[in-house]
Structure formats: structure tokens, C-alpha cells
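Heads up, the next two complexes both have chain A, just with different partners, chain B and then chain C.
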Partner chain A sequence: MDFFFQLFSDPVGFWNSHTLLIAQIGINGILATSMFVVLFSGQLSLAAPGFMAVGAYTSVLMGLYWHTPLALGLVAGTLLAGVVGALVGLPVLRLRGVFLAIATIGFVEALRLGVILNLPITGEGLGLKNPSADPLGGINLILVSFVVVVFVAWRLTKGRLGHAWAAIRQDEIAALSQGIHVARYKLLAFILSAVMAGFAGGLEAHLNFFVDPGDTQYGVTRAVQILTFAVLGGSGFVLGPVVGALFITLLPWIFEAAGPYINIVSGAFLIAIIVFRPQGIVGRGGLAIIRPSWWPRARASAPSTG
Partner chain B sequence: MDQQLLNAIFIGSIYALFAVGYTLVFGVLDILNLAHSAVFMLGAAVTYSLVINHGQPFWVACILGIAASGFMGLVIEHVCLRPLRRRQAPPIAALISTIGLALIIVAAIEQGQPGQFFAWLWVDGPNSVAFPPGTIPNPTWHVGDLTLEASKVAIIPISIVLMLVLGYVIRYTQVGRGLRAVAENPRAARLMGLDVDRMISLTLVISSALGGLAGILFGVALGDISPYIGRDNVEVRGLAVIVLGGMGSIPGAVVGGYLLGLIEVAALVTLGSNARGGVAFAALFLMLVLRPQGLFGAQLRERI
Partner chain C sequence: MLLRLDSVQRHFGGVHAVDGVSLEVERGAIQGLIGPNGAGKTTLVNVLTGYVPFQAGHAWVGADELTGLPAFRIAALGVARTFQNIRLFKELTAIENVLVGMHTRRRDDTLAQLATLPFFRRDQRGRLNEAHKLMDTVGLASRDVGDRPAGTLPYGDQRRLEIARALALRPRLLILDEPAAGMNPSEKHRIRELIERLNADGLTILLIDHDMRLVMGVCNRVAVLNFGRKIADGTPEEVSTDSGVIKAYLGSGGEREVRSAPGASGVDQAAEADEVAGSGRPSVEPENAILEVHGLTVSYGAITAVRGASFSVAPGEVVALIGANGAGKSTILNTLSGLLRPDYGSAMFDGLDLTAAKPSAIVRHGLVQVPEGREILARQTVLENLELATWARQSGRGAQGQIALMMKRFPILGERRDMRAGTLSGGEQQMLAIARGLLAKPRLLLLDEPSLGLAPQMVDEVFRAIEEIHADGTTILLVEQNALRALAIADRAYVIETGRIQLSGSGDDLLHNPAVRRAYLGG
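After this line comes the complex of A and B, so read on.
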């Protein structure tokens, strides 16, 4: 509990000693928003780690071989992730639900096991040293872009695009009959999500001096973690996945007292939350658990979880 | 080469046995049970622990290991699935609750070290162990240039017999008709007087017991038992198998298991060990793009 105590008693010291953690929360927040965009349009895509890998390897390799500045590498990685997103998104558009999830897992693992672990330029299984990493200098960029990404996603869900996505999520055939170009809007959400994930991957690669192609970084484990952000936080509103990301990233600190049994306690806690709030922490009716009874209810138009 | 082909069939049988349980739950509940790979690991770990740490005979340990896995199926149903059904949660919520349970099972085995709380369950922590030679009966034959170990050869009849029995039960018995009714339409099944919750519990017990048995066979034949064998070897490959065969189709899962074993060994022989996983997942992706209903697509509507 010292951890949370310090947050209030000594914010500056907290910032200095936990900068990396705060940066990781920002990156996970961007990833959660990327997951939110696809879920909001009714697509259960688990492709984010693949796009992260594209963004990360592109930006690091450009810095290594062409000595480009970090910003250029980041932009290139983000754009390339968008291109890959379009290439992957087009063929999987017609898949729904679990089928889409499994197809995107296929993409993620084929990219990691089949391409990254086999190309000499990506260091094969050994990973890649990244001498241009800047663990502490990047934090401002990360936090600013986190806020910008969340704001953009929030604005989009309020506009024409968001209404189209919500309609597609609720009933694809009804949306089609209303003249909504379903395929185009779904692909747009997929590409937007890929761009966000690629950007987050590029940012994350510059937190560490080493790009590790492990399962927990660019594999299924990571995909499932990102999905957990969104489902646990609640995928009906943009803040839900962000709250989920914050919560999951802080789990080791919340349950510090459990010592070696931390995963057992975290697992039990995950089950408890999803059983008591199946719609997520920030679900229908807003923050229902902590909302006092006299506080006005959230508007009924809040979209339900998909 | 022949030896490689044989290996493909061995590993394919394990994939098939694992995936049959996976696909059974998906067929009945439309839910991916992500704790299935943890149950696979638990079966192997409990059996090993009973033989080595508690001095039980191998056969007794196998039966208790399968029983422990089956019991874990009940835990999955009562802790992760039934409360969500009661609240009419979206199916995606069940993904998270089963992940939570998988996390708990793996962590419990991982923390099983001498003197610790879980020492009665497992004492090797996160390390990979194998049955020492001589602790289990394992005669070896040499036919031509092939080496046949009993522990590997036994996998094939065991899995084929079990899958045939399961297929018979589901197709021709009263219980099987009940399961198919629940898979088709739980509400109508309840109106017809079926105890739907009991059918679902039964599904999970069968599925988990098969998963645990697959884990035991894997641990014995490949000499690799650790808290991570489920996650590293079958979790995602199991998904590939049930997609290759067609989601929810039991014959599809069997064929998909052997197919994945063959694809992997073919990739291993022609492209080297690094490409093995990549080729399998590329096949999975292509299969979903070109033929999402899987090889046994015609049976998709019927499902199990």
C-alpha cells in the first residue's frame, strides 16, 4: 500500500520513481483505445500485437540502419502498420465474432513465429538491440499522444462515423438496409485500430533498450491482455478500456501483499469483476458501483457492450 | 522421414484429443473455454506428482489425474460460466473469466515448491520435469529403421478409441441427444424438460477429462511436464485445430488435429524448426479467409 500512499503524500517523488510505469500505463491506454475502436464497430479483432510489432520493428530498424530521427521512424512505423492493417483487414472483413478473433490470432502468430523469428534483419529469436531508446525522455510524448488518441476516439464515436459503427455493431444487416456502407466502415475501424496499435508499438520499443519478440510482447498472451483491458473496463464507452488498462497495469501493485501468490489473487479478482459486472467496470449506467443513489443516471443512449 | 511421419501422427493424436474437448464446449455453449489448456497441464502435473512425490502406481495416478481434470471442469462451470449465464452476460465475458481461472491454475502449480503452500500438489516450481526412466512401463521396439516407444504408440489407439466412444455417445445415446438439443437451442431444450445446467456441467466434465488425458499422454510421451506446457504447446494450436476442422464439429477436430500434426512436421522437414509455428498459423489464417466453416463445413449447422 506504500505505493498508493506515496501517490498522495509525495507526487513528485512518485513521478520520479515510477516514470516507466506511468509510461507503460499510457502505452497500454493507447492499446486499449485501439481495441475499443474495433470492438465499438462490432469486430472482435485480436490483431493489435501484430501491428505493434510492425510499428516497433520499423521504427527501430530505420533508426539502426538509416539513422533517421525517432519521429520519422515512429511515423513510418505507424503508417506501415496502417497499410498492413488494410491488407489484413480486407480478407477478414466477412468473419464475425470468435472466427475473426481466431483469424487475427493466426495473423499475429504467423507474423511473429513465421516472419520475425526467421528474418536475419529482425535478429531472429534473439531480439534487437535498440541503442536509440530513451526510457525517460519519451514520457511526455507518450502522455500527450495518449490524451490525443483517447480524445480522437471519443470524438469519432460521437460523430457520423461512430453512429455508423454502433449501428453495424448492433445489427449488421439492419445497418446495411439503412444504406450504411458496412464493409467500408468496418475496414476503416480496423485500419484505425491498426494505426493506433502500430503507434503504441513504436513508442513502446523506445522505452526499452531491447526489442524482444517474445509471446508476452507481440504474441497471443499480449493480445489476450489487451482484450482484457477492454472487456474488463467495459467496451461501450471510450473511457472503459482506458480504466481497464490502468487497472490491469496496476494489478501487481494493488496486490503487492499477496507476494508470490499474486497471480492467484489477480485471477480470482478478474473472475469476480467479470461475474459481478459482466458489462465491464465502466458499463451500462456509468460507474454504477461508486455512483451515489441521488446522482442522475447516465443517458439511456449509452451503447451496450458488444 | 518415416520416423517424422510417425511423430506427426503421435502429436496429431494429442492435438486431436485436446481439441475434441475444446470443440465440444464450443459446440454446446458457443464459448471458447480458455482454461482448457490449463486443465491439460493440470492433468499431467497431478499424475507426475502422484507417481514421483506420493509414490502411487502409474495407473492409479493416471486415473486420479483424469479425475482431477474432470473435477476442474465442474469448477469452470460453477465459477466461470454459470454465474455469467445467470446474468445473461455477453459470451465475450466468459473469455475473461476462463482466462482468470487459467491464471490461477498455472500460478498454483508454478508456486508449488518444497515448503510452500502448494507443495502437496507440485514441488518443481516453474521447472520442466520428466518421468525418470523406469518409473513407467515403456518397452521399445525397433521395426526397420523406426523406433517405436510404447508410450508414444499407445497414444494412437487410446485417442482413436476415446473419440469413437465419444462420437457414439453423442450420436446414439439419450445423453448425447440431450447434449445436441442443448447445443441447438438451450431454451427449447429446457421447455422439453431437459436439465440444461446439468447437461452443460456434463459437457465440461467430459471435455476437461479428455483435456487432462491429452496432457498426461503429452507429458509421458514427450518427457516435458511444466506449468507452461498447456500455454506453450496446445492453447493456440488447439484453436487452429478446431478451425481447420470446423468450429464445434467433433470429427472435424479429430481430422484437424492430425492435419495440423502433418502440416507442422512437413514445415519442420522442409523449412526448418523456426518456421514450424509460423506455417501452422498461416494455414489457420488462410483457412478462415478461404473457408471459414472449416473442412467439415456442411456439419456446421448440426455442430456436434
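After this line comes the complex of A and C, so read on.
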């Protein structure tokens, strides 16, 4: 509880002692938004760690070999992630639901096991030293870009593009009948999501002096973690996955008191959220858990059959 | 000429779903498209709107050729459609559904969104106003239901909302695929008014529906499809008295060919009126009924499919329930089998309350259904299908004897015993389904559309088999669209129209009653 107590009693001290954690929250928030964009357009893609790896290795290697400034490396990594996103997105666009998830996991694992763990330039599985990392200096950039990314995603869902995405998510066949170019909009969402993930990957790689090619970083485990952001927070609104990311990132502190049993307690807690709020923390009905009972609620009406 | 089709063709494997259909729709017309179940109407619409590729032929809307275009381009050309099984964006609000319909004609504001430029707010207000207006046009109170998720609206409102969404495209041609399906008479009346109002505003409409009163009442011209071919095209009067159309709808009498189909062209109108009046007399209900149904009312959510049906079946009878597609026939059978539960009414089968008993108990009590579409296990062999049917009842020799008997009754099944059931022809599959039903030792056998999708000779064979089973003493309740066929073998029959039993009588009586034609083709 010291953790949260300090947040209120000594914000400056909190900021100074937990900068890395705050940076990680910002990065996970961007990843959550990347997940949100594909889910909002009806695509269950788990490709984010692959695009993160593209962004991370591009920016780190450019700094290592060509001594480019960090900003240039980040931009290049982000763009390359977008290009890879287009290349991966085109062939898998026809896949839906769990089949798309499996295909994107295939991409993630092929990139990590097949390329990153084998190329000499990426360290052949031993990892990569990144002397140009600046763990504390990037915090402002991370927080600003986190806010910008969330804002962009939020605004996009409100316009013509967002309506088209929502229509595609609900019913592709009906969306076609309204003149919506379904394939183009799905690809657009996929690429946008790849760009966000690539950018987050580039930022994250500079938090640490060592780029670890492990499964929890660029593998399926990470993909599942990012998916959990969205499932836990709810994927109907952009804030859902972001709240989910905040939650997951802070779990070790929230359940600090559980000591050695922390994994059991936090696991049970996550299951409880899924059971009691299947639509996510910020799902339909809004913030029902923390909202006082007298607050006006959206009218709930029973869905009709047929 | 707004819409022109030239020998449009689409086959699925060996099924000629649409087989060279040509059609011309005048600008400003309401064109009807009708045909029995499986005639290819929806396939034709799907080809026309780009959901199923053309195999051959061409289509134009105005000067624009539709052939080979993807669905979203055809929509952008001004061809709007609704879907037979409503396809709304269920979690979006009603208003948002209509806004999505404006997709093709709103300017791309993706970048403007980021800055929330003033023009965007103005445009958005204009679109909202238009969406509200469109909802009001189709008779939805936009202020009340506009913000509700579309999936939570009542069924009839969902149908209307789908039309509003289609209108948001500002279409040149509106294709309505069964807009009145599942609606009650007053809702149907409102849909009819809506269609007439839209047409009066200059919209060309292609209407597909099974409700002949609606189609014949509202359309200028009607085209009739059967087995993928256009068999008639003309004014509603011409089409509803065309002998080919009547045959397509009522079926042929087979070996007992009926010389004059009920109410075929040439029948004196006055005589017809007399006969209709005469048919009001109550038919003789049996006293020792094995199955008695009273006031059965069954709904699917908001749709009431069966409204107060009462009928009975005596031991040893063949009783037919006939009526057009969507009349509620299968719903009645599924309720008797315990698969659906009625809202009201009673159904007693030899002392067992069918409205409360479990489906398995109903089968054990001797009421066995051969479902529509046959539902055989396609990957299992014929023998395995039959063995599974005896599984629950008995083991060992008894079962083998039963199966041997069945193979004697249906020799074709004996010949095909080791073939996978899915490779059998439709008629053979139907025999297998009936044999499987008989293995459950029914005291009352429910047959749901045994002739569905079969070629004429196979229909003959299936009906011959039914007559043989009946001769062996099995009581049969038969549901059929092929009315003349069913009436020819039935002791008694009930005619169902939109969930109500309209007529009843002996098979022979109804065979010559012009009101039967009305139940199918409207008045």
C-alpha cells in the first residue's frame, strides 16, 4: 500500500522512483490501443509482438551501426512495421476469428524463432546490447505519444472510418451492402495497428541496455498479455484496453500484500473480472463497478430473438 | 429500363440455382419475384448484388454493367438491398445503422476528425437529421428508438430499420428480400403501405416475398421462378391464373393427375365464390383421435409462427398439413416433437402431454418425426445410419432383424448399405430418413416435406413408399408444400395460411377447392 500512498502523499517522489514503471504503462497503453484498432474492425490479430520486434530491432540496429539519432531510428522502425503489416495483412485478410489469431501467431513465431534467434546481426538468440538506451530520458516522449495515439484512435472511431470499422465488425456482408470497401478498411486497420505496435516496440527497446528476444518480449506470451489488456478492459471503447493495460501493469503492486501468493491472487482476481464483467471493465454500461448506484445508467433492454 | 438481366446463370455443383434468367424492370415499377421454396430467387438477388459471382450472363442498372463488380461497388451504383434473415449491425444504435448507410456519399473526414473541424460538426448534424427523417419515413419513432442498439428492437422494427438503412444509400433500385416474412397481418399492411409510398416517390423496387396477397396486391409486374428458370412474367392477374405457375406452386398430382387444378384459369368467378362459401362447413373430426391439438400458438421471440391451430389425427389415418412456405407447418411438427414449446394451447398424444414432455420421452411414446431436410448422418454409411437408429431401443439380433426388414421395404437401401449416406441421391436420402424413423417403431410418424427438392420421379417413389407404410398400418401426419400430391394420398387435410388453419376437409374435397389455390397464390 506504500506504493499508492506515495502516489498521493509525495507525487514528485513517486514520479522519480517509479519513472520506469510509468514509462512501461505508457508503452503498454500504446500496445493496448494497437490491439483496440484491430479488434474494433473485427479482426482478432495477435501479431503485435512481431511488429514490436520490427520497430525495436530497426531502431536499435540503426543506432548501433549507422549512429543515427534515436528519433530517426524510431520513425524508420515504425514505418517498416507498417510495411510488414501490409505484407502480412494482405494474405491473412480473408481469415476470421480464431483462424486469423492462429495465422498471426504463426507470423510472430516465424519472425522470432526463424529470424531474430538466427541472424548474427540480432544476436543469434543471445540478445543484443543497446548502449544508446536512455531508460529515464524517454519518459516525456513516451507519455506524450501515448496521449496522441489514444486521441487519434478515439477520434478515428467517431468518423466515417470508425463507422465503417464498426459496421465490418458487426456484419461484413451487411457492410458490403452499404457500399463499404471491406477489404480496404480491414487492411487499413491492420496496418495502423502494426504502426502503433512498431512504434511502441521502438520506444520500449530504449528503456533497457539489453534487447531480450525472449518469448515474454516478442513471442506468444506477450501477444496474450496484450490481448488480455483488451479483454479485461473491454474493447468497445478505446479507453477499455488502456484501462486494462494500466491494471495488468500495476497488478504486482496492487497485490503486493499477497507476498508469495501474488500469482494465485491476481489470477483469481482476473478470472473474477471476466466472470462478473464479461464485457470488460469499461464495457457497455460504462464503469459499472466504480459508479455509485444512484448514477443514471444506460437503459438495459432484453435482446430479442429471431 | 432501369434493371436488365440477360441470361444470368449460376450453378452450385449440379444444382442449377439460377439457369439463364432474363428480366427487365421498368424505371418506377414495383416488380415482384416469386417462386416456390428453392426456386433460386435469393440466389438471383445475391448474383445481382455481387455476393455470388456471375457464371454467365449480364446485368445492367441503367447504363452501368453489374457483371463482375464486387458487392460494395454495386451498392455504390445505387442498388440497395435488404436481407431475408435481417442483417443489421446489432450492437450499433438504430441511428448509427442508418448513418453507416450514408457511407458512400459522405466525404472522407478521417483527417478532419483529428482536428474536429467545424465543417465536420455541421455535416454530422445534417446527417443525423437525415437519419431521423429516414427512420420516420419507414415508420420508426426515431426519437424513441434511435439510440437503442438495433438488436434490441422488436422484429418488425428491425425489418423497417433495415429498409431505412438501405434508403440511406439513396438507391436507384431497392431490392427487398422477404420484407414481410414473419409479420402479422397489420404489420404486413404497414409494409405494403410503405412500399407503395416509396414507389410513389419514384423509387424502383424489386420485391421478393412468399406472401402472395402482398406481392399480387402491390406489384405492377410479377416474374415467377421455378428450378432456376423463369416460367412466367406478367401482370399479377396473368401470373396468378397461369397454369404453369399453379403447377409449380401446388405440385402435380403424379399418377392421379388432376385434370383441372383447383381454381385454374377458366373457372367461373361466381362458382368459385360459392365453393369458397361452401368450404366453411366443419369437416368431420375423428372421435377416437390418437393426437389431439387445441389452440396451439407458437412464437419465435416476437414472431408468432402458429396462431391457435387445432386439429386431430385418428389411428390409421394419413393427415396432411398443407400450405405455402412460411405458413407455420414445420413449426407445428417441431412443437409436437417437443423441440419447441408453445405459448398457449394443448397437444395430447395418446395420454402424453406433448407440451411438457421431453423430446426423448415423446419418441419413446411412439411419436417420431422425419425432419425437413432429412438430417441424415452424411459421413456414415447407410447401414451405420440405420444401426444408430436402433441403438437406444435394442441390441444384437433384434436390431439386425429390424434393419433387414427395412432393407427389404426399401430395396435401394439394401443395395447401397455400405455407401456413405451423403453420396445418395436426394430421394434415396429421404428413404433412409423415413426408414430411420420407422426403426423407432412409431405409432404416429411425422413427415416434414418429404418431397422437398426432389425431381418429379423421385417424388413419385417417395409418395409410393409413404402409401405402402400407411398400408402397413402406420398413422402418418404429413407436412407438404406439394399440395396436390399430399391431398391425393391424405384421408383428411388442413390448409394453413400464415399460422392459421384456414380450411379442413377430406383430401378429395380440398383437391377440388379453389380456396386451396388462394392459400398458396393469394386472392
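Definition applied: the second predicted complex is superposed on the first by the 293 of 306 C-alpha atoms of A that agree within 3 Å, B and C clash if a C-alpha of one lies under 4 Å from a C-alpha of the other, contacts with A are read in each partner's own complex, and residues count from 1 in each chain.
The criterion applied here is as follows: a residue touches a chain if its C-beta (ideal position, glycine included) is under 8 Å from a C-beta of that chain, and two chains touch if they have at least 3 such contacts.
Here the structure is a predicted model, which is why all the values come from computation and not from measurement.
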item	value
Partner chain in contact with A:Ile22 - chain B first, chain C second, else both or neither	neither
First, second, both or neither for A:Arg155, with chain B first and chain C second	second
First, second, both or neither for A:Ala268, with chain B first and chain C second	first
First, second, both or neither for A:Gly179, with chain B first and chain C second	second
Which superposed partner A:Val75 touches (first chain B, second chain C, both, neither)	neither
Contacts of A:Asp171 with chain B and chain C, given as first, second, both or neither	second
Partner chain(s) touched by A:Leu143 [first = chain B, second = chain C, both, neither]	neither
Chain B or chain C, by number of chain A residues touched	B
Those residues of chain A which chain B touches in one complex and chain C touches in the other	305-306
Complex interface listing, chain A residues touching chain B	44, 91-92, 94-95, 97-99, 102-103, 105-110, 112-115, 117-118, 124-125, 220-221, 224, 227-228, 231-232, 260-264, 266-271, 274-275, 278-279, 305-306
Of all residues in chain C, those that touch chain A in their complex	49-51, 70-73, 75-76, 80-81, 83, 87-92, 96, 99-101, 103-104, 106-110, 112-114, 116, 120, 148, 151-155, 158, 165-166, 168-169, 182, 300-303
Chain C-facing residues of chain A, complex	151-152, 155-156, 158-164, 166-167, 170-171, 173-182, 236, 299, 301-306
In the complex with chain A, residue positions of chain B that touch it	26, 32, 34, 79-80, 83-84, 87-93, 95-97, 99-104, 106-108, 110-111, 116-117, 231, 235-236, 239-240, 243, 247, 274-279, 281-282, 284-285, 288-289, 292
